[in-house]
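Mind looking over this structure? Questions follow.
Residue numbering begins at 1 within each chain, and the chains themselves are lettered A, B and C in the order written.
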Amino acid sequence: MLKRFFDSDLVYSFTRSPVTILAGLVTVLYFLASIFAGFVAPHNPFDMASLDIMDSFIPPVWEVDGDPRFLLGTDDLGRGILSTIIHGSRISLFIGFSSVIFSLVLGVGLGLVSGFLGGKLDAFIMRVAEIQLSFPAILIALLINGVLRGILPVGQQSNLAYYVLILSIGVSGWVQYARTVRGSTMVERNKEYVQSARVIGIHPLLIMWRHILPNVMGPILVIATIHLAVAVISEATLSFLGVGVPPTEPSLGTLIRIGNDFLFSGEWWITIFPGLALAILVLAVNLLGDWLRDVLNPKLR
Amino acid sequence: MSVPLLQINNLSIEFNTRRGNLVAVEDISFEVAEGEIFGIVGESGAGKSLTGKAIIGLLEAPGRISGGKILLNNERIDNLPYEQMRRLRGKSIGMVFQDPLTSLNPLYTIGRQLIETIQTHTNHTATQAKNRALELLREVGIPAAEKRIDQFPHQFSGGMRQRVVIALALCVNPKLIIADEPTTALDVSIQAQILTLLKNLCRKHGTAVILITHDMGVIAETANRVAVMYAGKIAEIGPVREVVQNPQHPYAQGLMASIPVIGRKMKYLAQIDGSMPRIAERPSGCAFHPRCPHAIELCNKQIPELLNKGKTKAACLLFRNGNP
Amino acid sequence: MAAFIIRRLFQSLIVMFFVAFVAFTMFRYVGDPVNQMVGIDTSLVQREALRERLGLNDPFIMQFGRFVLKALSGDFGISYQHKRPVTEMLLERFPATLELSLVSAIFSLLVGIPMGVYTGLHRYGWLSRFFMMFSLIGISLPTFLIGILLIFLFAVQLQWLPSFGRGTVIEIGGWRTGFLTISGLKALIMPAITLGLFQLTLIMRLVRAEMLEVLLTDYIKFARARGLSNKAIHFGHALKNTMVPVITITGLQIGSILAFAIITETVFQWPGMGLMFLQSIQNVDIPIMAAYLMMIAFFFVLINLVVDLLYYVVDPRLRVDAVKAHG
């Protein structure tokens, strides 16, 4: 099994593409830094007590007024940019990842039900999917976000910001998963083993899932990878637009929003470094997604 | 004796893949005379289509000609620069593809596709080209050509589309047409019509045809000479009548025995046991030996050459000393 | 053909109806419209009177019907925050968004299609690799970040272009245009590029993928076998066949340009509808959100209809089979 894995096209093409290896390494690096942010980051930017307003607006080390304690400089509150980036990536990745899982579960579930039951429910779900698909995900996410914030009591909004974001981004992305799974389910639905499953008393959906799973694993993995990049961008965009993560515990998008105010007064590092961090993360994930799609989808090769 | 229209000398075709070079066609030679219909028959994967594509210079990467020469009117064409080869295509060598449904561009009228081809190779004005196109459509038996010329491919039936494809291949009277499975995708009832059309047109214009097919019946009815290909090599080559009635190579014998004859009662249809090996799994020596009923010990060591045997040539070690 | 168009119109109506339903539900049940309209010192009795007067106690269907009827006559209510008719506010800001979207759509098509064709034809050339890398970066950079980087480079560092606003606008018959002044045009450059870049990379990748696929088809092989020139094959036969999917996606993209304008307008403080929509989300100003949603949906539906009609122009097969194929 393991030997077959290492002989597969997947591994072969991975080892043959330096760009993909690099993208893989960068992605792993981001994940590790996010998980162990508390150990990796030189400072704890959320600990208000440790912040010193005298440390604010220090440029990066290589500039004239740089301070060796803060490699990439500090922001208006004296938080080290490097530390806020590491903690910000953690939040961005957490929200991105949770949104992807949310979309995946929702989409796979709806796709399975839709493809299996067919009929009016299927028509309805697919109609909604079609309508949703004709609008950009970010618009859907913004709307859901706006509605949720309208429903929630004002005081709770920043506490629940993560969940609002995960829900808005998650709901805006289920369609592709659903379509893929639905297609596979419809192929399997009428096969004889499904009928025989009824006879021996196993729910057909259960046994079908076993047969559908191998067919949809590849495409779903591809969709999820590319979706992770999209979700991270969506989170950053919402936060940048001021309807996402609050500035007290900023994500990458929030950091860019904060820094944007100082761009004109010359403190460029507050916004440019988080921006680069975001771009590199998304680029690496996108590269991985592209590679996966090319390998798992021989038609496109 | 005059120079043959087309000479293939020791042609080999290779695929360079990550698992090494795969030799798909190995060291084949044959000639096609002017006006002749030359059949190439074999199972899928035998290399017959590749041979056709190599002649017209349309092998697709990673496939490439790795050895040998192709001569048209005694001039090499296998190493021509792209632009020169392009001018030959359609003008000196035409091609008819297997599937008429997909061979025509769905977004252009057939008239436009005809006129475009004619004007590429001649100095015809638009009106001249259109007249020529109409003439061609009538020649290939399309009724109401004036009306049909402005229609799109999807408005034609499969058989009609193949007639259009033939008209396109014959546009500027090439000396040679390569017909790759021209009737395989058609209904049986239409197949004969198309074959007859192709045969008559080529006789009329003196065009030679290389007819590539897996259907020995088609060859028997249409071709003058035939090459039987197996696993990238020519197993037997000779006049159709001889190869059909008196095949020498054990593979050709098996192939002919498996053609059902109307009127003769048979209990079972004869077949050759096993299947042709894939490119990467070809056995040593004679590629046919694992399936050959007459195989001897030498067969898995030595690659047989084409030898004269009766009125045909066969590549079999059984004939190496002029016997049996 | 007529049947097909009628069918599409009908489908569009369903979509609009659905969106209206969502918009109305939002409008009616997110927050209390009455609370938004009156001050804190309004008595319960007064509130109830207002509630009755606004018809908020009527059955759901009646309220929805009224909402649709009003929407059809262009009435989307009063903004909670600005206390002005929403339609009036939207119309005021419409020219700014439309001009921006139009310019960036043209930009992304004019640059994206040639780049896609080139990368499709010269798959392994170094320029193609560069374009592909460029497109990946274009997809990976969030729109707002592109805007910020452009501002940093051209407004802060080089000081060539203005960083916000529309520049000087000239009003012609109620339409405020930035096309007619130098400062208006200069102000348009960065927002248009920011907004168009993402679409550009999408269009380029799509054209490339379609081109690669079409080049493998039998009719292209047959065209080669007939000795047609590369020019005729690539730009005649191949490109025309890639156009059907490209038109589809482009249509959708123009729609999403309108939506992405929200982000671009925020970055550049561009006084358009998107900026207003964003502010309405921040302030939970539901009437504006609902109206904007309806308007965007209307544009999407309209664009989809135009796209369907364009198919007929490009693909002769549809002219005959369309009704059958969709039936």
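To be clear about the criterion, a residue touches a chain if its C-beta (ideal position, glycine included) is under 8 Å from a C-beta of that chain, and two chains touch if they have at least 3 such contacts.
Since the structure is predicted, the reported quantities are computational estimates derived from the model, not experimental observations.
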item	value
Chain at maximum distance from subunit C, centres defined as averaged CA atoms	B
Chain pair with the greatest number of C-beta contact pairs	A-C
Distance between the centres, which are taken as Cα means, of subunit C and subunit B, whole angstrom	53
Centre-of-Cα separation between subunit C and subunit A, whole angstrom	24
Distance from the mean Cα position of subunit B to that of subunit A, given in whole angstrom	54
Sites on subunit C touched by subunit B in the complex	217-219, 221-230, 232, 236-237, 240-241, 314-317, 320-321
Contact set on subunit C toward subunit A in their complex	14-15, 18-19, 26, 30-31, 136-137, 139-145, 148-149, 151-152, 156, 163, 209, 252, 255-256, 259-260, 262-263, 266, 277-278, 280-282, 284, 286, 289, 293, 296-297, 300, 304
Subunit C contact footprint on subunit A (complex, rising order)	127-128, 131, 134-136, 138-139, 142-143, 145-147, 149-151, 229, 233, 236-237, 240-243, 253, 256, 260, 263-264, 268, 271-272, 275, 278-279, 282-283, 286-287, 290, 300
Touch list for subunit B against partner subunit C, complex	56, 58, 86-91, 94-95, 97, 99, 102-108, 116-117, 120-121, 152, 154-155, 165, 168-169, 171
